[in-house]
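Listed next: structures, encoded as structure tokens.
Common to both upcoming complexes is chain A, partnered first by chain B, then by chain C.
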Partner chain A sequence: MTELLNISDLTVHFQINQGAIEAVDHINLTIRRGEVLGLVGESGSGKSVTSFAILRLIRPPGRVVSGNVQFDGVDLGSLTEEEMRRIRGAKIAMVSQSPRTALNPVLTVGKQISRLLMLHAGLSAREAEKRMLEMLRLVRIPAPEKRANQYPHQLSGGMCQRVMIAMALATSPELLLADEPTTGLDVSIAAKILDLLRELSARTGAAIMLVTHDLGVVAEICDRVAVMHAGQVVECAPMRELFHNPAHPYTKALVRSIPRVDRDVVLEPIPGSVPSLVNPPPGCRYAGRCEWVSDRCRVSRPPLVEAAPGHVVACYGFEEHRDAN
Partner chain B sequence: MSESLFVSSSTALTLMWQRLKQNPLSFAALCVIVLIATAAIFAPLVAPYAPDATDATAALESPSWRHPLGTDEYGRDQLSRIIFAARVDLVVAFAATLIAVTIGGLLGAILGYSRGWADMVAMRAVDALMAFPAFVLAMGITAGLGNSTTNVAIAISITQIPAYLRLTRGEMLRLREMEYADAARTVGNPTWRIVLIHLLPNCLPPLIVQATLATGFALLTMASLSFIGLGIQPPQSEWGVMAAEGASQIVTGEWWLFLFPGLAIMISVLAFNLVGDGLRDLLDPRMRGVR
Partner chain C sequence: MGFFYYVTRRLALALPTLFGVSVICFTLTYLLPGNPAMVKAGPFATPEHLAEMERQMGLDRPWPEQYFRYVSGTVRGDLGESASTGRPVSQDFLQRLPATLELNLASLLIAIVVGIPLGVLSAVHRDTFIDHLGRVVGIAGVAMPSFLTGLLFVYVFFYMLNIAPSPLGRLESGIEPPQHVTGLYVIDSLITANWTTLRSSLHQLMLPAATLGLSAIAPVARMVRSTMLEILESDYIKAAWAAGLPRRTVIYRDALRNALIPVITISGIVFGFLMAGNAVVESVFSWPGIGNYAVTALLTKDSAPIQSFILFVAVTCVIVNLAVDIAYGLVDPRIRLS
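After this line comes the complex of A and B, so read on.
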């Protein structure tokens, strides 16, 4: 598979009175064509900021300090705002985490989709409407003709999310940024939405970057997983590899904290919390919570190294703890 | 674009209409406005006499069956004059409101969305304008521009622009942070579309309330300007002008010449205020979720 998106050395700061919040700190990430990459991490670990940075939609007080995003061989940073605008929604689409509030309350859902088609695909009103109905059917909204004429408040949360997905996929984007697409939906609906995403991406060949804090969601649909902690990517591996052989202590802890019904284990919460991102310490940002911590971890930041083919991890201690689980 | 703007605002209006019917006082007030407007439009058919037809034999008659609201010193029928005067009064009040809503709403939307130094400067200008007594400002402008009907409308609208500007800007500051604004950005909408098509229609309900209340105030301002001789000029029939003419005759006992134009002003302003209050009640807070 060839690379579709390549993020290198991306850093995003948010300027506040007390200093700069280093929300995303020198991350490197690659998404291949057609794959589903999970971006996992706790709240505040920089997952959503990363997806906004890809679209170049970080607004003040936020600022992209360094880094470079290559999409389909093009450096997005070098585009003019007008060129960037034509990529948003057309080649890179986004499904946001709260479908209810991400839809405009004064426009019918059908209009919101057909507007987009007219904007990007240059369709006439009639063609756009036809394609809009097709999309609604594709995301399995029952009675699409009726639903298209309704306002977001008249639809359920799951229905709104389907509309969002229909909207995101309407222009056949090459990359879909799904920011916690199942948050706030109940489990059975969430599972259906995930199936739908997987199926549609397979059908259209779109790659998906799935931002989530839920490892269950990751296990469901992702090919590869990147784990973020405090603005840094600490581990990146194929999905099965990550679940079976997590290398980073944080990933191990995350995996251990998944409730299981088949084994009688006591859930272990991860001690401590994400460190303050305002002027964080120079070393590993997980050092304060880590059971393997050594002096080296506190002074210098561990680089991403290969733990196995296709599996990278940023930890000084993973070699010696390789077999400990 | 214009078509979809119309569709989205018309649904909000339908909802407002349904709710308004449940509030008897506001509904009655709305009926009064419609009644006055209809009478004004069909004035030549409704009014029993021509507004400036003099009749020397019937000067200064008190209210009677022939002249229900009496006559003035030239024998002009008061009722007919009041009905014809509604044309000027309503047209100026609506025009002034429309100009002010359009300019204030658009500027407020742009400034609120863009923020930055232009917004800072404009808001300080608005503060200054609002600190200045509106009526004195309107007096100054009509005195400066000359007192034609158009100029009176312009003067009144200038005094009202700051209120709409501030209201829309405030709403915009809130709306620009909403997720659907983010969503509109993530799908690559140009800024003008985000402001005009996605966000501005969401400001409409509070703007409509403000506009309704302000129409009553515009009417009052205009009558006051005319009363002190700066607005509409006699012999044009206008409520403020008529009240001014009638005021001098209270001492000689012709009370109807002052009372009825005054009542016309009071009833219309009250009606606009009641409708505005009713709209505000039903928009806040229940309307939010339903819209």
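After this line comes the complex of A and C, so read on.
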């Protein structure tokens, strides 16, 4: 598989009175064509900011301090605003968190999809309408002709999320940024939405970057997983490898905190919380919560190194604790 | 069906308000300094003459009976008689109403046409020079009393620059009013293609409408600004940017359309406020409307026109609020009646 998106050295700061919040700190990430990459981390770890940064939609007080985003061989940073706009929604689409509020309340859902088709695919009103109904059918919305003329408040949360997915996929994007697509939906609906995403990406060949805090979601549909902590990518590995051989202490802790029905284990919460990102100290940002911490961790930041083929980790201590679980 | 029921119910809800207003207007006659009978009888009336006048006016009857007579008269369109013009107040009102409506509608139009873009610009360019300028203009418009802005406008545009006509009424002297259709000169002269009158009436309307409109720009602009700011941060606007919609569409279609919903409310409130505020402006520009009529009545302690003016403003507010509620349903699908 070839690379579709390559993020290198991306740093995003938010300027506040007390200094800069270093929301995303020198991250490197690659998404290959057609794959589903899970981006996992606690709230405030910089996952959503990363997806907005890919679309160049960081606005003041936010600022992209450094970094480079290559999409399909093109440096997105070098494009004009107008060129960038033509990529948003057409080649890189986004499925937002909270489907109910991410749809415009005063437009019918059909109109919200068809206008994107007219804009990005250059379809006529009639063609767009036809294609819009196909999309609604594809995401399995019953009675699409009726639903298309309804407003978001007349649809359930799950239905709204299907509409969002139809909207995002209508223009056949190459990359789908799905930001917590299942929050606020109940478990059975969430599972159906995930199946739908997986199936549609397989059918259209679109790659997905799935932003989530839920490892259960990751296990369900991802090919590879990147773990973020406090604005940094601490580990990245194929999905099974990550679950079976987590190398970073944070990932290990995350895996241990998944509730299991097949084994009788006590859930272990991760001690502490994400450190303040306002002028954080140098060194590993997990040091304050880490059981393996050494002096070196507090002064310099561990680089990403290969733990196994296709498996990278940013930790000084992982070698000596390789066998510990 | 549902719509009809809704309107009927809303009208029924207005009844208690109207009852309260009628009580206030009624009591006001007794609170105003000076006995209405004395005003009517004149300063040289003898006590016998005064008693006779009181009896004629029903002022010697018990107050519930007086209230009942007042309400039944009002419902039948009998608003009493103006002591100074000697004509029925209802007749005076009907004659002057179009002038007031024309002025208020023009002011509301100015407030909306200036206020909405000002609010949008302030929100889009938040905390920049444009935003601050908008704030200053808005606050100045509210803080300046209308009689002062009115006089300033007259001084600058009529006296100094001589680009506005003399502030005397709705038409320049020598120009005939247009054929009566709605009573609004601008509209009537448009309908009858009477260009000379149209020009003159617009010319005369310009300054008073600007004066009154200026005081209403700020509420509209502030409301649009704060709603726009909130909406620009909303999830669906973020989603709209992420979907690659052009800036024009995102701001002027997606965001503004949602921001206009509260503007309907504020327009209703502003209209009621203009109805009451026009009294001063009409006096400054000798505008022959009901505000001017009420001020004159106030100065001569003529109670029936004052009562009627208050009642009229209150009823207008009730009607405008009803219209606002109905308009809401048309713009916001979430309120559309099922």
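Here, the second predicted complex is superposed on the first by the 325 of 325 C-alpha atoms of A that agree within 3 Å, B and C clash if a C-alpha of one lies under 4 Å from a C-alpha of the other, contacts with A are read in each partner's own complex, and residues count from 1 in each chain.
The criterion applied here is as follows: a residue touches a chain if its C-beta (ideal position, glycine included) is under 8 Å from a C-beta of that chain, and two chains touch if they have at least 3 such contacts.
On a predicted model such as this, the values are computed, not experimentally measured, just so you know.
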Fit or clash - chain C, chain B, common chain A: clash
Partner chain(s) touched by A:L103 [first = chain B, second = chain C, both, neither]: both
Touching partner for A:I87 - first (chain B), second (chain C), both, neither: both
Contacts of A:L136 with chain B and chain C, given as first, second, both or neither: neither
Which superposed partner A:K111 touches (first chain B, second chain C, both, neither): first
Which superposed partner A:A237 touches (first chain B, second chain C, both, neither): neither
Shared chain A surface residues [contacts with chain B and with chain C]: 55, 57, 85-90, 93-94, 96, 98, 101-107, 115-116, 119-120, 151, 153, 164, 167
Touch list for chain A against partner chain B, complex: 55, 57, 84-90, 93-94, 96, 98, 101-107, 111, 115-116, 119-120, 151, 153, 164, 167
Contact set on chain A toward chain C in their complex: 52, 55, 57, 85-90, 93-94, 96-98, 101-107, 115-116, 119-120, 151, 153, 164, 167, 177
Footprint of chain A on chain B - complex, ascending: 4, 8-9, 11-12, 178-180, 182-190, 193, 197-198, 201-202, 204, 289-291
Partner chain A, residues of chain C touching it in the complex: 234-236, 238-246, 254, 257-258, 261, 331-334
